[in-house]
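What follows is a set of structures for review.
You will see subunit A twice below: alongside subunit B first, and alongside subunit C after that.
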Partner chain A sequence: MTLRLGRLPAVYAAKFRAEIALQVAYRGALVIWLLGLLIEPIVYLVVWTTVARGQGGQVGGFAAGDFAAYFTILMIVNQLTFTWHFHFFEWRVRNGFFSPMLLRPVHPIHNDVAENLTFKMLTFTVVGPVALFLLATFGATLHPEPWHLIAFVPTLVLAMVLRFLLEWTLALAAFWITRTVALNQAYYVAVLFLSGQVAPLSLFPPAVQAVASVLPFRWMVAFPVETVLGRLAPGEVLAGFGAQLGWIIVSLVLMRVIWRAGIRRYSAVGA
Partner chain B sequence: MTLSATRPSIRVTDLRKTYQVPEREGGLRAAAGSILRRTSRSVPAVAGISFEVEPGEIVGFLGPNGAGKTTTLKMLSGLLYPTSGEATALGHVPWRREPDFLRRMTLIMGQRNQLAWDIPVVDSFELNRAIYGVPRDEYAERLKELVELLELGDLVRKPVRNLSLGERMKCEVAGSLLHRPEVLFLDEPTIGLDVTMQRRIRAFIAEYNARTGATTLLTSHYMADVEALCRRVIVIHHGVLLYDGDLAGLVERFSPRKTISIDLEAGQKPPDAGWLAELAGGPDAVVQHSAERLTLRVLRSETAAVTTRLLATLSVRDLVVEEPPIDEVIDLVFAAGPGSDVESERAGATR
Partner chain C sequence: MRSLGLIWLSLRLGVLNALQYRADFFIQLFQSLVGLVTALAAVALVFGQTDELGGWSRDELIALVGVFLLVGGLINVVIRPSMEKLMEGVRLGTLDFTLTKPADAQLLVSVRQVEVWRLIDVALGTVVIVIGIARLGEQVGPERAVAFGLVLVAGVAIIYSFLLILSTLAFWLVRLENILVIFGSMYEAGRWPVGLYPPWLRVALTVVVPVAFAITVPVETLVGRLEPMTLVTTVGLALAFLVGSRWFWKFGLRHYTGASA
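Then we have the complex of A and B:
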């Protein structure tokens, strides 16, 4: 690894400054991205609270106020964990933009981590207030106990790490496949359903829930939401931490192996 | 400089790179067929080249499009893994991309930029400063020096997207040298630039080399770049090394003829065409023949004799003996290709 821990903080600091300048320069695009991020969970929120009211107040243990809380927290978690490298890696590799990154004495992943964190910081200034507004407007039922809030922080951080590592590793497929769009689409659908974005996982049939718990998707999004909403027992939260850590280790190992193989295949086209 | 003068900066031994290229005929039928059966072809881009570059040398890497120049530079800078063969640069195997190596070299590609498009150039420079761990005071000093040498002025405060191609290239060059690399790989650094800008970049590369003693490997389609900068050239074609030596030697070896141009005194009878052809070694060797002016392409070894006879026979106002333009020589080399004997009669008669 081209990684020297001593200098990394300085690199990140400089990267943050450059990224903020860059993303502010793209403020139009930033707003559109943000709208997309906000609208999707709001649609689910409206649909499910309506369904709950129509069903006499409850669907599978979720009242309208529970749905409002679930989807608003989900919006926050999804905003903080989502990445876009799976989408852009192919473009980067095909057009040779990856080459200059490879020639710097810092692993390219640091560029992407910094980019990701900067985007999250900038957009959170909007997502945070919007979430508060939604919680109030839709009459969300949210009464977390202190330990729910305390546990929420590490589950969220681990979810961010896991989702980033996994999606970055999958993005490396671009070294082998020139069109990763199909793969990306399949992955997106899996995330949509199995990470609890369309509906809380507890509303799915038990078989689907079992699959979702074995795969990494739940641990990337739904788990922190379920934790802060108090839907999990302490034992379940601990098991969830285990699942998150396990998948992070798997992702790291995969990343190292795939990175090494991919970089040998890299043909630096267009560069 | 941390380099010892006795060890080559770059050493390449039988380096090869073969690309697997998918292949199919055009048309719908072939497209449908390729769904089930993929065929690919091995294309040797670099087919076993060896050379060494001493510290501080500027070497021109010449070859037509697709000769394997860029592929070689990419392997030497660590972007590409070779198919076989060995190379070291600054004592490192480039494609291992060890930080100590990456920090001491740079690859500048005329058609590719590393500066962020939408932010002022200095912001990108500042990022490079952090990445390469350049101390602040040294950075300020080098930046000042680069701004001066490349005449960047206020350009560095503008976003890259507002710069012209030439301005952007100057900034690219500056950004790539802030960490003061000891080895420079320059791939077409002047491509697409106007003559003035080409000259400026060229002068800068020479200046950088003189100041820092950096080893430089340069590819260019502009012979002016090569003539101005490189005493030594390496010519490759179809991935094979055709020539490695000084520029003058290249001309001597691949262009067996010199050009004799004569301005004639007015009022004399134009020389006989048959006599001229015999003198020059064939009718093709007479390039220009009029009452005022003669141009002949004469074998190197015959130049003195032919000149003497011309001067004895004609009344001459002015006489010039020249090497052919380097562009023409390169054309000859490429037309001849590997393994063939360029020193043939054909060579002198191509124009």
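Then we have the complex of A and C:
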């Protein structure tokens, strides 16, 4: 980490160019990731609209159109915040691909941030139009006030930062455990439910809602969605910002501690 | 008889292979249990707000979760791993060794790779189906049980043929292993009755990726809601798929030149 901070933009620019070339070369893989990303929100959208219709049009304050808006925007937020490092780190460490990254004079996280942002830029060109299509076909109803839309931007950016930092830090477990797949899956399920991807959190039993607002997951995905849907009072949005910042600080501290310990622990396989 | 011997041999090899990595059993057990809890929790969440979902009751959906796990397990024990191996073989040229063996090539590639620990899903799925049926208080007579078995076998045969056709495309397109990932995502949509979905998605799940026949139709049979016509259609379709995929496999094989040759 001998590189001066001023050089970082140049590093990112170079990485962006390389990544775009790489991702465009594997267009097929891109399309497949997209399909996987689309199916789940559509499934839950359909399930909950059916429930709402069966209950005379409304469930827990959500009408069919509200569910359509919720799950479509959830899809966008999820697409912009998700990371794949938890899945990927094990392979990276086990096969020794981490070694060359450590030799570069930049912290490896910058490589991953650039990779993540490029992938999202490219995939968003498809996810954006698809989201518009879904909003139209499922008759989504959205009525945010202007301040909701303005607040949406920082909540989304903080959610991206938080999810990236937290998942990257947890992925470092691969330094100690050679097979992280079970850990990874348990985490994935926690995210699935507690970040509001199966249902809006307000439909959960109160005890689960209380747990969800203490844990980081809600602040990674559901919170920006709730904000832009106009379901939160100004005070709740402010409290949410606090929770996001708090968890970002915790993740940063954890990352530094675990990274230092992990790097000492790492003995490159195949080196 | 010889075919049965080959299948048995492949299974035994799979077991021996798996026994080398016994810790994987616990990892798979953990993953299967997490998968089961996830599916049941989603059902519980939905039925916390309603008593029926598009005409399906809670206990019928529990049975559906069971069939989802059971069929998913069957696919993951032998069909998916063997098809992955087949596509890899086309890409690397190792398929040549299989083709030179004096047995039916389709059979050989179809049972090539066995992931034994995935049988846990099959076992869990069976238990969940039994629980779902018991809760329904349905009397599943021998007639309905036979029909269920028949439709289930037909459904798995359709999925197998479908995956074989997809994998055979590798003879022309070579790099195709990701296509199984698409199938995996579509299979996830089978967690819920296909009747819920809007027409375009229902058509996709019935015709384009025939998940409906493997999951929804067997459950309908089990809860006694299946019309005799659907049963006939499913079995007929399975036969057509088996014949069609075999023809396509042979056709593809004629185009295969071998990557190493």
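Points worth noting:
As a convention for this text, the second predicted complex is superposed on the first by the 268 of 271 C-alpha atoms of A that agree within 3 Å, B and C clash if a C-alpha of one lies under 4 Å from a C-alpha of the other, contacts with A are read in each partner's own complex, and residues count from 1 in each chain.
Rule of thumb we're sticking to: contacts are C-beta pairs under 8 Å (C-beta built on N, C-alpha and C of every residue); 3 or more make two chains touch, one makes a residue touch a chain.
Computed from a predicted structure; not experimentally measured.
Model built by superposing both complexes on subunit A: subunit B and subunit C fit together without a clash.
Of the two partner chains, neither subunit B nor subunit C is touched by A:V157.
Of the two partner chains placed by the overlay, neither subunit B nor subunit C lies in contact with A:L142. Of the two partner chains placed by the overlay, only subunit B lies in contact with A:L103; subunit C stays clear of it.
Judged by the touch definition given at the top, the superposed model places A:A186 against subunit C, while subunit B stays out of reach.
Contact with neither subunit B nor subunit C is seen for A:A63 once the two complexes are overlaid on the shared chain. In the superposition on chain A, A:G54 contacts subunit C only, with no contact to subunit B. Applying the stated contact rule after C-alpha superposition, one finds that A:L35 touches subunit C and leaves subunit B untouched. Within the superposed three-chain model, A:V250 lies out of touch with both subunit B and subunit C [touch as defined at top].
Nearest C-alpha atoms belonging to subunit B and subunit C sit 7 Å apart in the superposition, given in whole angstrom. Comparing the two interfaces of subunit A, the one with subunit B and the one with subunit C have no residue in common.
Within the complex, the subunit A residues that touch subunit C are 28-29, 32, 35-36, 39-40, 42-43, 46-48, 50-51, 54-55, 59-60, 137, 179, 181-182, 185-186, 189, 192-193, 198-199, 203-205.
On the subunit A side of its complex with subunit B, the touching residues are 2, 4, 7, 10-11, 13-15, 17-18, 21-22, 25-26, 96, 99-100, 102-106, 263-264, 266-268, 270-271. Put simply, subunit B touches subunit A in their complex at residues 19, 74, 77-81, 97-100, 102-103, 106-107, 109, 112-114, 116, 118-120, 123-124, 126-127, 129-133, 159.
Within the complex formed with subunit A, the subunit C residues making contact are 27, 30-31, 34, 37-38, 41-42, 45-46, 48-50, 52-54, 175, 178-179, 181-182, 184-186, 188-189, 191-192, 196-198, 201.
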